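Order of writing sets the chain letters: A, B, C, D, E and F. Residues in each chain are counted from 1.
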């Protein structure tokens, strides 16, 4: 099988759901490149460098995973990193419909295959946007994100408990 | 990555949509085992042996693909064939919801990962049940199934044109 | 625009939701042919002749609507009646996914266009299978079906109130 | 608030997902009546009396829950038990669409309110039909059903591990 | 059952669909607190105070309903008002998927139960965003909102008819 | 049947999927009016005049199709053009849910019927927003839009290949 998989996302912030998909990809591919989208529009919680930093900290235990910033088209990112496979987690039917269109367009644009994994049921309700909202109002996000993320946000004062 | 993928189904009959998924899996895994469910309940078009036979004919050009009959639990089939990966195509949101449950249950039962591929848009509307109905009423299924299948059904007289 | 529309279904029994779609089609097409599927498998409430009979009674006030029995492929029925348009009501996303596949297959088989209408919200929860179950247990189906249908079922004793 | 809630189902067999919904209903209503459908068609795993028996054993620790057999219309069952509320769990969008129609029809038939609870994520992939299939092929269902159910099925020999 | 239910929303403006859910909650709970989100981002039609004002006018006939402004996390609002139940209406499968995630997250954050009610079919197509657009272009919203709302918008000149 | 159909949209830019629906509508209605929404909010790729211009160029071969700018309520646009029918393409279940609500609201507002067509499977994954993103990053959009659109964007320098 192809040796390099790309796991793309905004990761604002990285959740336990994301980490679960990255870890499972890492057991099946020689290398995993996490592609962290720099420009994510609408009021981010974290700056790009901070999101990348946290991803690197959260995946430090995975020897074959590295994180890179990404702008532009995902098929170009894949080509630049020698990858022909994208790996994504799916939580719900509505996720699926958008992802299906993107996967079919990426196949049309660049001969890239997208492989979807079912989210671990324990994390099926997690989304960065919900976690972000909880963090903004100083709710406890410890159950939703890697430990390094909740500690960082607590230090920053975004997260009071 | 794991070297053996299992592509399960009823294949009554195998369609161009199934074949597309099998072919794409075959480019990414060392071996692909097509798992053809023997007992498929409600009024099959084809007997198990005929379904398997047609799968073998339709995949004869793929050196690393073989087809086996299958009964019982898919996780047991995977274990028996040394596979830890199931590959399935997804066409629509409703497919996804059933497949998600099955993938999560198979993960709970046997530590098997299910990887989903987006159906090629050209085949997104194909399903064995629709093709079967067309074949039963002697409609022309040439655009929906591998050539070997439409020829066989024509010889059998299930398919008149 | 094409002058003949086909409204297909099982109509076991015809509901106010079906009738609403047929009436709206009748204001937009010169002729509407209601195609009543004869063979509907799983324990029908009504025999084909009775279903057709009730459809004819329920649409008697619509001068440009007629009902015909139908077996086999819908595209063949359309061809036989000189129709190139199928009209169907849609209630919910899950309806849509099946109907989309059928519409795309019918377009591939016979150059027939399927036009979908949004169900009147008042009837959005009606389905023959729910109505059938209510009728079987002698619930009052007066709010769900044309008057001629509830009267007939009451006379038959399927419907006690 | 109304004091009696009805939790309907086939329970073939009762799963941890069902039990979770029944328990949560029991903390919010004075009484919960579990309505176990007798006639469930397609090849049941368990006879009605056995399903009811297992429900009673699995809910024995809940003082305000009782289980009754049920045939006919759910609104009639509710009326007979003095209940105006139905409580159901929802796992996925496809569940929701069918349940929405039933809830709206039950409201039309009998002025009964249906309240839906989100399934606990841990049980989101559980369905009786998947569990039944695993049990039939002697897979280990211990993680999916109350302990009393897996023991009973093991004793019966439906479940070998 | 718990005595206080919270009905959250943006209510920009309150529609007949919202009012239907609030009324049904009011027949089943001792008290209902309508939680009106202050900060609703993208170009509101009405200011927070005006939205709250209209909610109070539209629910004035319901003795056990009161409306409060709300910012921050809904679980904190519930705690502050002694409520452990959230009541929401569901119209469509896509509503459901978002609501499911929120319900599961709120359960994780604060031991709050979300109960969903099926929208009355008559109001199933109503959404504040569609109503807002109609009001902006001086369409007649009389069939979609409580009388007090259409009068107020007419006086303001947002709504010409 | 009614003689004039309205095909509304933002068309930023017009895709082959849009053009397919317009062409199919043009074979069934005497006249088709493409209603191009002027004000489309969030960072458009093309100015309204440019979008209209490209629509006119892309439909120049269709004698009974014309394009007009549109602001305000679609039902008012229909009335102004003597149309009682809206024609829209549907790609996926999530499209459908929004479109269903809009169709039901437009029926309530102005006695306008919406007819939905299934997207041609080849174009099922196309959306203006995906195409826009590809164009912004100079990806090749030749397979997704009419030739006149890709040429124009190339001349503008939005599209490098």
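The criterion applied here is as follows: a residue touches a chain if its C-beta (ideal position, glycine included) is under 8 Å from a C-beta of that chain, and two chains touch if they have at least 3 such contacts.
Note that this is a predicted model, so its numbers are computed, not measured.
Of all chains in the assembly, those touching chain A and also chain D are B, E. When the contact pairs of A-D are matched by residue number against B-D, A-E or C-E, over half are shared only with C-E.
Between A-B and E-F, more contacting C-beta pairs join the chains of A-B.
Counting every residue number used by either copy at the chain C-chain E contact, over half are found in both chains. Chain centres here are means of the Cα atoms, and by that rule the chain farthest away from chain F is D. One simple way to say how far apart two chains are is to compare their mean CA positions; for chain D and chain E this gives 31 Å.
The set of chain A residues that touch two or more partner chains comprises 92-94, 97, 100, 104, 121, 124-125. Two chains count as a pair here when they touch; such pairs are A-B, A-D, A-E, A-F, B-C, B-D, B-F, C-D, C-E, C-F, D-E, E-F.
Taken in their complex, chain E has these residues touching chain F: 91-94, 124-127, 130, 133-134, 137, 139-140, 143-144. Across the complex, chain C is touched by residues 72-73, 75-76, 93-94, 97-98, 100-102, 104-105, 108-109 of chain D.
Against chain B, in their complex, chain A makes its touches with residues 1-3, 24, 28-30, 85, 90, 93-94, 96-97, 99-100, 103-104, 107, 113-118, 120-121.
Within the complex, the chain E residues that touch chain C are 92-94, 121-125.
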